[in-house]
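Note that the chains are named A, B, C and D in the order they appear, and that numbering of residues resets to 1 at the start of each chain.
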């Protein structure tokens, strides 16, 4: 049986003209590996709006795995995130001018959700393929964490069997030509996210008999 | 008239199993671009011995341009070096177990030599091709600086018209899978050094009528 | 009415001979500022054991505020932590040789607890006194986060009105003489934690009529 | 016989409202330790003008040792500089609006001068007193390096026995309250420079019979 992995990437923000997350995931759109189909969707770098677009995409595609991807400028590694926290706290405005300070994302909801991706296995697989990777314990408090939290909250509330999580990726080299920051090439990012998608979808197969689904 | 560019790379040191400088320059060996032939030679990560190997290679190939390349672990950019200084001061032993402390490289010689590569132009060209690059003002005091100094001293003493210099490059991604350090892909490094070679050789053509030579 | 603030510091770990957290908090032991009494206790850098020592100290001293303090080598700022997460995941052994991997701290307990200290106000106060400070969104997954989580879990389960949280502090200068890492002086750390204690205890006074207590 | 050490510090630049170099050296002005008198003078963060002020101060005070001090924002250690290079290459304007690009400081002058301070001994002494210190191999290409080069050139041309050099110091803590950069406290900086002054002046006594002088 074919599995579906939905990858999302953001549009550019914070003065950058590209966003490596969208640049990367769009390259994987439509690819099928080991019976796993990858679908890519763009989401806006906007609190709440990003989550609405994500939910619509989930309802449309009925994926088995959802991996949201975002830029973490300054990190040298691809970093699967461990945990999403129930707070918006922005230092800069999102692409819609919103700048929430210490606001809960969702009332009557848990303080935090764990990623349900096999993050350690993903990191291990990436490293075995020569890709710099490590676990991150914080997705920040901007739109990346917001979307991650909303994803996990949606999965939780809908009692879905979808596996979900978030992966931060570094700048692309062309974003750092004149700033002294680490970067990774598009090829490496594409390969890293392909590994993440396949590892998450396969892991899923390994550990459960049958997957429930929203659709 | 054809121009020749000699690139050198080091063998691995400091516990690493590969050296990105040799991994990169060997890929360019034998390539001809715009009438410019690139030759690559490996040098040992050993004080003095590296310089002997370099001089032999210069005498053998009669290059117009010599660019020695070395690893600068921790830097996120490709960094053409501005200046070589007349001192060996090692924190770790070289590959022959030598660990000189505050020793002059050459007596009765200048404290420092400038790179004669067009380092600003090289950085500009790299950036225009999306490659993270900047000038460095220190090649350190280990074998990299040693070889750079010896190269410039040799060119100076032999009154050669060779253009010479040194470029430090970051770790390769596979060297950083489990350390939190920046890296650049082999492709980018190869392209960066190709740009450096062509820029140096072409610049050379632009600014002087005729080049003297050792051969 | 007098308020009590309990500060805890860890014993040294990870090859260091001192721990700045204990070096700092012990200097504040017994100090009274604005009717606020500061008490300091040392806890071992050991999973679970640290929490037992903490609980005993809380029961003994009946504090209004508890601030656990730990070393975050590599950070240049004093960083009040925002959130404690329900996981132990150690890269190095604790001082008792334990090295838990992806273990829950407490079953049937929330994924995460927020600090109940006024962390933004503490950062603001520190900065106004010239002290480098910022919020951190991750206390890691070693003994620091463990103790922080256990503190908040204990407060939650005992329905106590105690305000609790965790503050990470940098290396002391003498720990960095031969490593290229940031540090802050003991004086600054002492002053920073004094400000944190007073801010937390005063804030407490401001926002609630009466404090419940364990004692 | 009494020795004199002249310390210089810069006025603020680059958007900062204070300069740690002047804040520190002015605290040592007039201090006598072990028969060593310390004098402090402020110099402007201006190419060439800084050197004129320095030379005037040297002629006025007839010091045995001159240590110019400057801010190196981002470094966590106090860093005695090894070498001054004959170039001005500014990324930002100096306090007089000058922004030289790749200009020689002095024609018919060496590419570089070594510090004549006992930089290794100074680092060792500082570390033994718990002060984070290491050698730097580049003072950059802005006004700090300019003044350092001019100092050494002046000493060289005047055949003076003055020992001269440059020490970079980190930000003060209050400069980093809202930027994620390392700092060191004023006390540590003062103590570090006191150690440098005494070490340089005493070293001087040890190694030569008699000192020539400009005066």
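Everything below uses one rule, namely that a contact is a pair of C-beta atoms (placed from the backbone, for glycine too) under 8 Å apart; a residue touches a chain by one contact, two chains touch by 3 or more.
Nothing here was measured: the structure is a model prediction, and the numbers come from that model.
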item: Partner chains that chain A and chain C have in common; value: none
item: Chain at maximum distance from chain C, centres defined as averaged CA atoms; value: B
item: Chain A-chain D separation of Cα centroids, rounded to whole Å; value: 49
item: Interchain centroid distance [CA atoms averaged], chain C/chain D, Å; value: 40
item: Shared-contact residues (touching 2 or more other chains) in chain D; value: none
item: Chain D contact footprint on chain C (complex, rising order); value: 76-77, 126-127, 130-134, 173-174, 176-178, 180-185, 187-188
item: Chain B-facing residues of chain D, complex; value: 82-83, 85, 87, 102, 110-114, 120, 137-138, 140-141
